[in-house]
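In this document, chain identifiers A, B and C correspond to the written order of the chains, with residue numbering beginning at 1 in each.
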Amino acid sequence: MASLERSKKKVQLWKKATVHFLLCFVMGFFTGFAPTSKASIFSSRVTMSLSSNYSPQPVKVFHQSRTQNFNRSLFDKTVSKAEHSHNSDKDQRVPEEDKRGSEELNLRGVLLRRLANTLKLVARPLLWIVVEQLSEDSEVSEILRKTGIMYRHVVFKENFTDVDSEMDHQRNIAVNHIEHHRLSGIVHFAGLSNVYDLHFFEEIRAVEAFGTWPIAKLFANKKKVTIEGPVCDFSEVVGWHLKKTNNVTDTRTTALPISSFAFNSSILWDPERWGRPSSVQDTSQNSLRFVRKEVLEEEAKVKGIPTQGCSKVLLWDLHIS
Amino acid sequence: MKQLTALQQQARRSNSFRSAASPLDAAVDGSVKSPATIFWLVLHGLCCLISLVLGFRFSRLVFFLLFATSSSPSTTTTTTIYTALRATLPSSTAAAPPPERNVSAAGDGSRVVVGRHGILIRPWPHPDPAEVMTAHRIIERVQFEQRSQYGLKSPRTVIAVTPTYVRTFQTLHLTGVMHTLINVPYDLIWIVVEAGGTTNETASLISNSGLKTIHIGFDRKMAVYWEDRHKLESKMRLHALRVVRERKLDGIVMFADDSNMHTLELFDEIQKVKWIGAVSVGILAQLGGSEENGELSIINKIDDSQKDEKSSKLPIQGPACNSSNHLVGLHTFDTRPFVDRSARYIGDRAVVLPRKLEWAVFVLNSRLFWEDMTDKPGWVKEFDDVDRDGDDVESPLSFLNDDSVVEPLGDCGRKVMVWWLRVEARADSKFPARWIIDPPLDITVPAKRTPWPDAPPELPSSVEKSITVQENTEKHSTNRGSRKKRSSKSNKKHSSTTAKVLVDDEHVSTRDSRTF
Amino acid sequence: MRDWRWVFIVLLYLAISLTTESFEFRRTQRTERISGSAGDVLEDNPIGRLKVFIYELPSKYNKKILQKDPRCLTHMFAAEIYMHRFLLSSPVRTLNPEEADWFYTPVYTTCDLTPNGLPLPFKSPRMMRSAVQLISSNWPYWNRTEGADHFFIVPHDFGPCFHYQEEKAIERGILPLLERATLVQTFGQKNHVCLKDGSITIPPYAPPQKMQSHLIPPTTPRSIFVYFRGLFYDVGNDPEGGYYARGARASMWENFKDNPLFDISTEHPTTYYEDMQRAVFCLCPLGWAPWSPRLVEAVIYGCIPVIIADDIVLPFADAIPWEDIGVFVAEKDVPNLDTILTSIHVDEILRKQRVLANPSMKQAMLFPQPAQPRDAFHQILNGLARKLPHGKSVYLQSGDKFLNWTAGPVGDLKPW
């Protein structure tokens, strides 16, 4: 009896044991399906920071946070693009052809370094697009390389005899680059002879569509200090203080100094967003002209800088020769 | 997450296991102290463990097989598990290939898909601004690391001396130098000496820099004639050196005039100086003139050692070396050809010429000026002796008994890293105080959206708008009146600044541009 | 009894963690073996560890071809020529075939260029066949092993498949005559028909002098976050899109052309090499083949290569710690490149840069003239030396025949 019960108990015991083993086996089986990487079980952070281990889940999180941030913060931290044309000092009359070469070369390098020193101090993000005619001389590349600024050096092959049309061509190339790449940010044309107050770059980040400000033109050894630009009531532009030219019809588009305005680059590649038909956009041959026209026509969207009535000069155009 | 639930499941399972085990426990309970039962229990536990491990291994095997063959599993339930697992698996990278790769490699042959692949375009078009900022921080850190790895190990402080005074071009020139100095990656003390005493204008400019500045006044007004001005500037620099001496500032003294331009490499280069060094300064004098530009021939004062054709066209002051890189002298600027045509006073329509040797050429160890320096070299004169006859001090060479001790810097002067340029507006030129435009400018080109008397006025939608319109109209018709109104309005706004009426004798009649 | 339960649960957890741990352990062990031994392996000196016999072939197999088109000396497959030159004067060369460990057949199969300078390997199979026929009839060594102790340099895109289109190449497969030989090839795609087991993967040829001449000081601040110059779409060969680079390059352009951090363009500037030296990351996506010369350029110029090519077999992967110097991004993750790259910890980036700065990495990527210690030539020899001694299966028993001389497309059987 006792032995019978004992054996019965023994069988029961074995049954129980087998059940346990089976249970453990199944458990092990299922744990085996779990991902093996240590990171995923114990610390889910590690792989993310390594990033070569890239799991699809976090992306979605990023994606969501992106859509939340996108609307506003992109404009809060707009990329300011400074375009610079290497020979903006060229419009000064220098009589002798051969001399002009060497002198300008030197001055160009000096002024480029000065501008780079200023741009280096501008809060990031900043992208500097430098346009230059293709040449054997690597001076500009060498100077730029040492600055540590995030820049793009764009070259073109065309030859020009007329300085003004070359300058326009350069700016158009820069604008086309922005358009082609659909880079978003605030675009400003920085001339080599410009001198900036650093607050200027803080101010133009506030631009939504267009921004404009007064610019002071100074000439060496002359008494004259010329200020050109918008006349504002607070940040609203109520008129322009510009040099009058004989050609009355075109005054509005040409007289506005190139360095005295900034615009949101999306006007170039996303015209619908600004309430214009996309057909206006096929101005790729002369995007610059298009932008200039826009600044003057869409005055309601133009913001005066600085906001207190455009009354402080933050940018000087210094002609030294 | 998946793992967590798995763990919870295990916990639950072990719970159920426990409850299932309770009869067993009860059975064992009777003979609890017996070592045999303990042994059995341990054995039981061990077997459980082994089966667990076995199960795990087996599941792996199944797992691999599933992936390797990619054939549809026999039961639908497994399929769902398979797909669910696939989603949780970290995406495959070559850096950490999931283990199933190895098996499949050993298994069937090529997994390479030849043919058309989709071009993946993400639904959000633009970069995340936060990521853009992160990238910029990474770049900054990388650049910092490059400097600390390849740059100087224990750089010395740079002491920059700048004589200045309030004038039209001051903001521009001083800002330029300031921007350069902020970029210097070493400790820097900026001594700004202002002629005619310190002013708020200068102080507010340099306070923006965030640099360690010493702003001191000099009790004489800046001269109008260039000759006197050069002399005064020398005295101002001496004044700054007195501060270096008194406060025992330790570092390298350089002379950064407020219209000079510098490369950042200069600041690396001057770290090499032991006592007194000289760098080449490019003279951009011929650019300073206005009309006579073309007539000026470029003086070539450079030896044959100056190989670089480009820079040889530019007049240069600085060390002159022979072919074996030994200092043979200093290039000076020969002013004689220009004497008749050089500018004599500020605003003179002619070239402003440098002195024979500009201070900007020299960099000095500040310890040369210390009072009680024991290991001071013998060739240096006593500071007080030099200071006494301040009028005759033309350059730091006046401190030396022997010019040959000058150390040539910048590849023995071949590299030009400083440019000297003097351009000024005329001394009597007017500019708005602190460059604040007050009263506002005249409107020469009307705003397009603003109705004017000659155009039929658009009816404004809001009352507020109509006020603006009226103001504008009034402004246009009676300019004087509007300006008064405007200025009174802005006076209220900037009550502290006084409105200046600035009249230019040359351009009174022109309305095209407002001149100061 | 409660205690027992607890003990049991603890044991259970331990078991689970141990099993996962063991997997983990196995993996880390693998990577560590690579990174740990990398330096040493790169430092290996192959001299004295192997002997190579070079077959004397008529010059129509090599020198004459080169004379016809000297451009072969500069294109990215030029390794086949330089390796020949290197071996001729190398101390590992032996003139006594009896003591040789390896036999080398100097045949320049890739040196048949189109007017644009792209190699068209149409004649290569016939040429290779002719060369093998020649050595097998003039010397006894080929027949001894049917090529198992011979090595060939086949650097073209799909190497021993000898076709420039992947589909055709796969269809053709490895040239039957080379089935037993060891191949030295640039093409590295895991589990691909055209990558033979045991092949030595080498970097493409990049002109060393030219690369040297563009070096700029290491102090030049790196100011580009991501750099790439090259094609995004190959409209000529892939008008539909989606075949070229398996869509990865097109995806790069479409997703990141508007990102200021991504300096990507099709225009090749004169400052290309300098720009790589001021970039933090250089994209190295696949093209028609998984590798690209950018890989070499990035390593030489200290720019962290971002390798976008699934299942790529990297050059000298047994010697160079690619995981330590590069970033691997799966082709399907290209749309998240910006997130991936910005989420790498900056210390990790600096660590990769430090490893990249190691001169032996750079050395192993180049074929300099004259050869230098630890360069790519020496790494190839190291690879060959590591395969020694030959196993028993290499030598055929009498009567064994593996090679089918009549296999393959009929066109290949025509005399060259």
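The rule we apply is simple: a contact is a pair of C-beta atoms (placed from the backbone, for glycine too) under 8 Å apart; a residue touches a chain by one contact, two chains touch by 3 or more.
Fair warning: this is a prediction, and the values are worked out from it, not measured in the lab.
Peer 1: State the pair of chains with the top count of C-beta pairs in contact.
Peer 2: A-B
Peer 1: From the C-alpha centres, identify the chain that is farthest from subunit C.
Peer 2: Max centre-to-centre separation from subunit C belongs to B.
Peer 1: Roughly how far is subunit A from subunit B, centre to centre by C-alpha average, rounded to an integer in Å?
Peer 2: Each chain's C-alpha centroid was found; their separation is 17 Å.
Peer 1: Could you please state the distance in Å, as a whole number, between where the Cα atoms of subunit B are centred and where those of subunit C are centred?
Peer 2: Inter-chain centre distance comes to 42 Å.
Peer 1: Quick check: what residues of subunit B touch more than one other chain, meaning two or more?
Peer 2: Residues 10, 21, 48-49, 52-53, 56-57, 91, 93, 95-96, 99, 126, 128, 132, 139, 143.
Peer 1: Any chance you could list the residues of subunit C touching two or more other chains?
Peer 2: 12, 15-16, 19, 23, 220-221, 223, 225, 258, 260-261, 323, 327-330, 333, 336, 339, 341, 343 - these are the residues of subunit C that touch more than one other chain.
Peer 1: Considering subunit A alone, which of its residues make contact with at least two other chains?
Peer 2: In subunit A, 24, 28, 31-32, 34, 36-37, 41, 50, 52, 54, 62, 79, 125, 146, 148, 150, 184 touch at least two other chains.
Peer 1: If you look only at subunit A, which of its residues touch subunit B in the complex?
Peer 2: 9, 12-13, 16-17, 19-37, 40-41, 47, 50, 52-57, 62-63, 65-67, 69-70, 73-74, 76-77, 79, 94-96, 99, 102-103, 105-107, 110-111, 113-114, 117-118, 120-121, 124-125, 146, 148, 150, 184, 195-198, 214, 216, 218-229, 231-233, 236-244, 251-252, 255, 296-297, 299-300, 308-314, 316, 318, 320-321
Peer 1: Residues of subunit A touching subunit C in their complex?
Peer 2: Going through subunit A, the ones touching subunit C are 24, 28, 31-32, 34, 36-38, 41, 48-52, 54, 59, 62, 79, 125, 127, 138, 141, 145-153, 155, 180-185.
Peer 1: Along subunit B, where are the residues that touch subunit C in the complex?
Peer 2: Residues of subunit B touching subunit C: 10, 14, 18, 21, 25, 28-29, 32, 41, 45, 48-49, 52-53, 56-57, 91-96, 99, 104-105, 109-122, 125-128, 131-132, 134-135, 137-139, 141-143, 145-147, 149-151.
Peer 1: For subunit C, which residues count as touching subunit A in their complex?
Peer 2: These residues of subunit C touch subunit A: 12, 15-16, 19-21, 23-24, 216, 220-221, 223-225, 257-258, 260-261, 263, 269-271, 274, 278, 323, 327-330, 333, 336, 339-341, 343-345, 348.
Peer 1: Which of the residues in subunit C come into contact with subunit B in the complex?
Peer 2: Touch residues, subunit C against subunit B: 1, 4-5, 7-9, 11-13, 15-16, 19, 23, 27, 166-167, 170, 189-193, 217-223, 225, 240-243, 246-248, 250-251, 254-256, 258-261, 280, 307, 310-312, 323, 327-336, 338-339, 341-343, 346, 349-350, 353.
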